[in-house]
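In what comes next, chain A is part of two complexes: it sits with chain B in the first one and with chain C in the second one.
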Partner chain A sequence: MALAKLKSDATQARLARLTMPDGLTAARKDALGRVAAMGLSHKRDEYWKYTDPMSLTQADPVPAAVFESDESPLFAGVDSVKIVFVDGVYDADASDDLSCAGVEIDRLVDVAGKDIHWATELYGTLETRGQVPVARPLAALNTAFATDGVVIRATGKAAKPISLVYLHGDDTSDVMLHCVVRVDAGADITLLETGPAAARFNSVLEVDVAEGGAFHHVRTQGRDHERRAVTHCFARIASEGRFKSFTLTANGTMTRNECIIEILGDDVVAHVAGACVGDGDDFHHDDTIFITHDGLRGESRQVFKKVLRNGAVGVFQGKILVKAGAQKTDGYQISQSLLLDDDSQFLAKPELEIYADDVICSHGSTTGAIDEDALFYMQSRGVPRKAATDLLTLAFLAEALEEIDNPALADDLYDRLDSWLARRS
Partner chain B sequence: MLEIKGLEVKLQEEDKQILKGVNLSIGAGEVHAIMGPNGSGKSTTSYVLSGKDGYEVTGGSVTLDGVDVLEMEPEERAAAGLFLAFQYPVEIPGVGNMTFLRTAVNAQRKARGEDEMSAGEFLKVVREKAKALKIDADMLKRPVNVGFSGGEKKRNEILQMAMLEPKMCILDETDSGLDVDAMKLVAEGVNALRSEGRSFLVITHYQRLLDHIKPDVVHIMANGRIVKSGGPELALEVENNGYADILAEVA
Partner chain C sequence: MTALDEVDVKDGVDQDTVDAVAALSGTYKYGWNTEIEMDYAPKGVNTDIVTLISSKNKEPQWLLDWRLEAFARWENMTEPTWAMVSYPEIDFQDIYYYARPKSMQEKPKSLDDVDPKLLETYKKLGIPLKEQAILAGVEGAEDMPAEGRKVAVDAVFDSVSVGTTFQKELAAAGVIFCSISEAIENHPELVKKYMGTVVPPSDNYYATLNSAVFSDGSFVYIPPGVRCPMELSTYFRINAENTGQFERTLIIADKGSYVSYLEGCTAPKRDVAQLHAAVVEIIIEEDAEVKYSTVQNWYPGDENGVGGIYNFVTKRADCRGDRAKIMWTQVETGSAVTWKYPSCILRGDDSQGEFYSIAIANNMQQADTGTKMVHLGKRTKSRIVSKGISAGKAQNTYRGLVSMHPKAKESRNYTQCDSLLIGDKCGAHTVPYIEVKNNSSRVEHEATTSKVDDDQLFYCRSRGMDEEEAVALVVNGFCKEVLQALPMEFAMEAQALVAISLEGSVG
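Our next item is the complex of A and B:
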């Protein structure tokens, strides 16, 4: 069957299950128009070659058993403004007061009623910009149908991190949340996201960083083995803005994390990093990054590390686009996988497209096994093979964790990775 | 302490015999030296003793205090008291030297059913021993052997040995690539560890290390065998005349 027909059938089937929520109507209708025009993603699309989007686009989600974790909640020691969603439904009792010095926080569902102008204007705007040159229909679908989320405006230095906690309690939950963050000139904010959110989760985060603003993002996606997620982060960064995003993924059947960054001003720093650990042939993890340099002296870094075992599959697609005139750009990209056996697989597609002549851009991608010489050296000092393997694995992941500015957050994640490895024989 | 009897070893991947019947008996508290031309099988002997993959033992036996070590995993041999100072110490990016040392010390203690060393106690001991070897705080913090000079790597090996307190220490060309001062430091480190219950097997090309670490017995290895053994004077003979005479004599 022709691809267009396949896509429109699948799209119609998906849309038939959805009802457009009230509020933000103009943006939602616009987005619906984009979805209809593009059609939902298909494995024949160029950027879905390595990841079959079927389970993310099909009408109903594949059920996912709720995972009972014996670990304490992540970042429990961090004083934050906690906002809890259970299967996408805001939990007022479990959430903190939505107030914090230096920040204005509201729920997405209140944007229309409270007439929050900046959020109304921004909602869907960065997502729309991010549709060119590569279509991201699942993000447009989210803009059209997201039921809730938060809108955050940092007006100064935020007194605390904002912590979004996504709990999963229903095997068949199918959730779309959409968050919008505006970092005013010179403001500074940290956003934490933790948890699986649903059996199937579609999340969009739009981040607009004004001159000299700083946005820090640290996220983990939950240990539920059967959960599926597609996430998009769209960022636009003005002069001297800083953007840093880190994602830890352990488990999950299907994860596609896209990050689309537009560097519009001069002297911008944008780093996006991730560590993922996967065990088993039902683990598929995909990082798809697109960074556009359209300002002078921009520095971007992509650092992605994956540890894969027992048939797990990791995908990395990373692009750096340097527009004409974006001189003195410094773009760096590294994607590496550590395969703990012969069954696992890493697929990487690094891309550079450069239209300026005075830039430094480098990219590298490696796939490797544990260094047997290092392993023997450690064993010969009395470290058992398993412990030595774990130490080497953590060392491999550490380079990605180093991208996190806040050492306390990084330590927490390091401990989680350590435990994840320790649970495996 | 260490008994090697008729040890025959070939490469696992290739049909190449490397050790062709090595016999060696080292008593408690003794220092033995092995000298020999390049490629004679000295490093292979040390690797097989410590359990490296890639070699197949086709004959003979190795026991440490009467216990068969060839059946043990490398980490079990370490816990049993065997230590190899590598000819080429391995770099381990991302693993801090100090973390590694502490992990190793405590893993061995655990394997022997002993209590782990507390962080405070460990720090105290390691600082003291590092100081004697002129290993500074920065070297302790850096990833294992990464960016270390040749001499620093060898001193780091001796530090590990000092921390692990093995009973059978094998040193594979620990003197190669060291200047005179560094060699003295290393020799002092080794001598400080000499005791009645601890034995050494020192593999070296040069007599000069043996001026500092006085051996009880010197062995000459050639073509996968120990071809001659004697007192310290044997090392001097090699120094003065090379291997040719000895090899001709035993051929």
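Our next item is the complex of A and C:
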């Protein structure tokens, strides 16, 4: 069947299950128009070459059992403004008061009622910009149908990190949340996101960083083995802005994390990093990054590390686009995977597209097994093979964790990875 | 060459220098054409044309059927659009698919009988069709010892092979080197056994078209254990206007054999773009080795992108036997649009594939080129070294695939691709695909993009070189790894090409 027809049928089936929420109507209708025009993603799309989006686009979610963890919640020791959603539903009792010095926080559902202009204007704007040159219909679908989320405006240095906690309670929950962050000139904010959110989760985060603003983002995606997620982060960064995002993924049947960054001003720093650990042939993890340099002296880094075993599949699609005139750009991209056994796979497409001559752009990608010489050396020094393997694996992941500015947050994540490895023989 | 008045000249370069460079700018030196009477098949492509081409080559029925099947398939295919190139839609019915010099109506019995005008054409190109020890016209070649530097040439002019040199001497060694049309006539069993087994007629749009309408090309068979006594070469010349050249090359290196094969190509300057859609298939059996080197110098069009060759070719080598080895080396300086991915299927255990490429795009040229390394056998190794240089308003893309199949245990790939931009109006792009499906293999990919290093330029200039020479030298250093992989016949020519293509490009 022709691809257009397949897409159109899938889109109709999906839309039939959805009702457009109230508020932000203009943006939502625009987004629905985009979805209809693009059609939902299909595995025959070049952009989904290595990841079959079927379970993300089909009308109903595949059920996912809730994972009961005996670990304490992540970042428990970090003093933050906690905002909790259970299967996408805001939990007022579990959440903190939304007031915090240096930031204004509201729920997405209140934007229309409270007439929050900046959020109304920004909602869907960066997502729309991110649709060119590659279509991202699942993000537009989110803009049209997201039921809730938060809108955050950093007006100065935020007194505390904002922590979004996404709990999963129902085996068949199908959730779309949409968050909008505006970082004013010179403001500084840290956003934490933790948890699986739902059996199937579609999220959009739009981040607009004004001159000299700084945005830090640290995220983990929950240990539920059967969960499926497609996440999108769209960022636009003005001169001297800083953007740093790190994601840790452990487990999950299907994860696609897209990050689309537009560097519009001069002297911008933008780093995106991720570490993922996957075990079993029902683990499929995809990092898809698109960084556009359209300012002078921009620095971007993409650092992605994957540890895969027992048939796990890791995907990396990274792109640096340097527009004409974006001179003195320094773009760096590294994607590496460690295959702990013979059944796992790593599929990568690390791309460069460059239209300016005075730039440095490099990308590297490596795949292989753990270094036998290093293992032998450690064993000869009395370290048991399993411990040596774990140590080398952690060292491999460390380069991505180093992208996190706050050492307390990084240590927390490091411990989680250590435990994940320790649980496996 | 780049219109220098449009280039944003950087500080430190005075206008006199720019003007001098502009005056010096080389022109395409193979752009003349040969006035010669031609026979054409009617314009356009249909089953009649396919049948006509087949009958001109006196082909057996099976081959005609093969062509017609390919043609039927092609009619239902659509042109690929994924490459980073753009060009006006090609009217496939406005092309001559068969053009033959009148004098070639009866195949000349020997080179002495070939129309002197044709011989003169090749002489002017530096490819004399006389059996002599060295390839004349290659700078410095006369300094080399004559013994052991023989090169046999198959000369293809538009749709037909004009002649093949050294056939007797090669035959004594058991080597078959002739045009593919002769091979179809004299060695049909070999052609039938191998043709289409590496690039099947269904492979891709242009390969399918080629399967239907290919007119000539070269055929090589090296018997087991034979080291081909001289280098083999095919020289392609497009001369007639509005024609497409669709040649097919088939090289078979039987067990334990070795051959080094060179390919060159040029075309006259014309203001209408011309299509060249070739297929090259190489079969390499156990312990055999093939070196395939190309200097692609088709007419690139003028500085405004008018005219030039659309070079849409499919080249693939199949290392069927264990320890088989293929080495592709290409220097791509010509063509208005290039769409070319010489590939290696590493099927035999311990087989090896290497790909060395320099692609230089200037003015309005567009090149989308690279390779595929498909690792199927155990302990297979591949190496990719690709250098892309963009100047003027050109776009240069490296596109490659490295695939490690689950059974390709303990295999290795190393890829390095570098791009150099000269001026701020051009583009350099890298699109690698990496697919690793076992953990005992190692894959490494590196790529960088940079401009010509200021320090290196300063150093060269402080030694008295002008900027033009300095850039040529730095770029040559950048490309050295690839140039060193070329056979001697091409090394000097290639070095000269690098310098020529960059003249006038310094922004």
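Assume the second predicted complex is superposed on the first by the 425 of 425 C-alpha atoms of A that agree within 3 Å, B and C clash if a C-alpha of one lies under 4 Å from a C-alpha of the other, contacts with A are read in each partner's own complex, and residues count from 1 in each chain.
Definition applied: a residue touches a chain if its C-beta (ideal position, glycine included) is under 8 Å from a C-beta of that chain, and two chains touch if they have at least 3 such contacts.
These numbers were taken from a predicted model, which means no experiment stands behind them.
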item	value
Partners on chain A (chain B, chain C) - clash or fit	fit
Partner chain in contact with A:F346 - chain B first, chain C second, else both or neither	second
First (chain B), second (chain C), both or neither touched by A:G364	second
Partner chain(s) touched by A:Q379 [first = chain B, second = chain C, both, neither]	first
First (chain B), second (chain C), both or neither touched by A:Y355	second
Greater chain A contact set [chain C / chain B]	C
Lowest inter-chain C-alpha distance for chain C and chain B in the superposed arrangement, angstrom	13
Chain B-touching residues of chain A, taken from the complex the two chains share	371-374, 376-385, 387-388, 391-392, 394-396, 398-399
In the complex, chain A residues that touch chain C	46, 324-325, 327, 337, 339-369
Of chain C, residues touching chain A in the complex	82, 84, 404, 406, 409, 419, 421-451, 507
Residues on chain B engaged by chain A in the complex (per definition of touch)	50-53, 73-75, 77-79, 83-84, 86, 89-95, 99-100, 103-105, 107-108, 111, 143, 160, 164
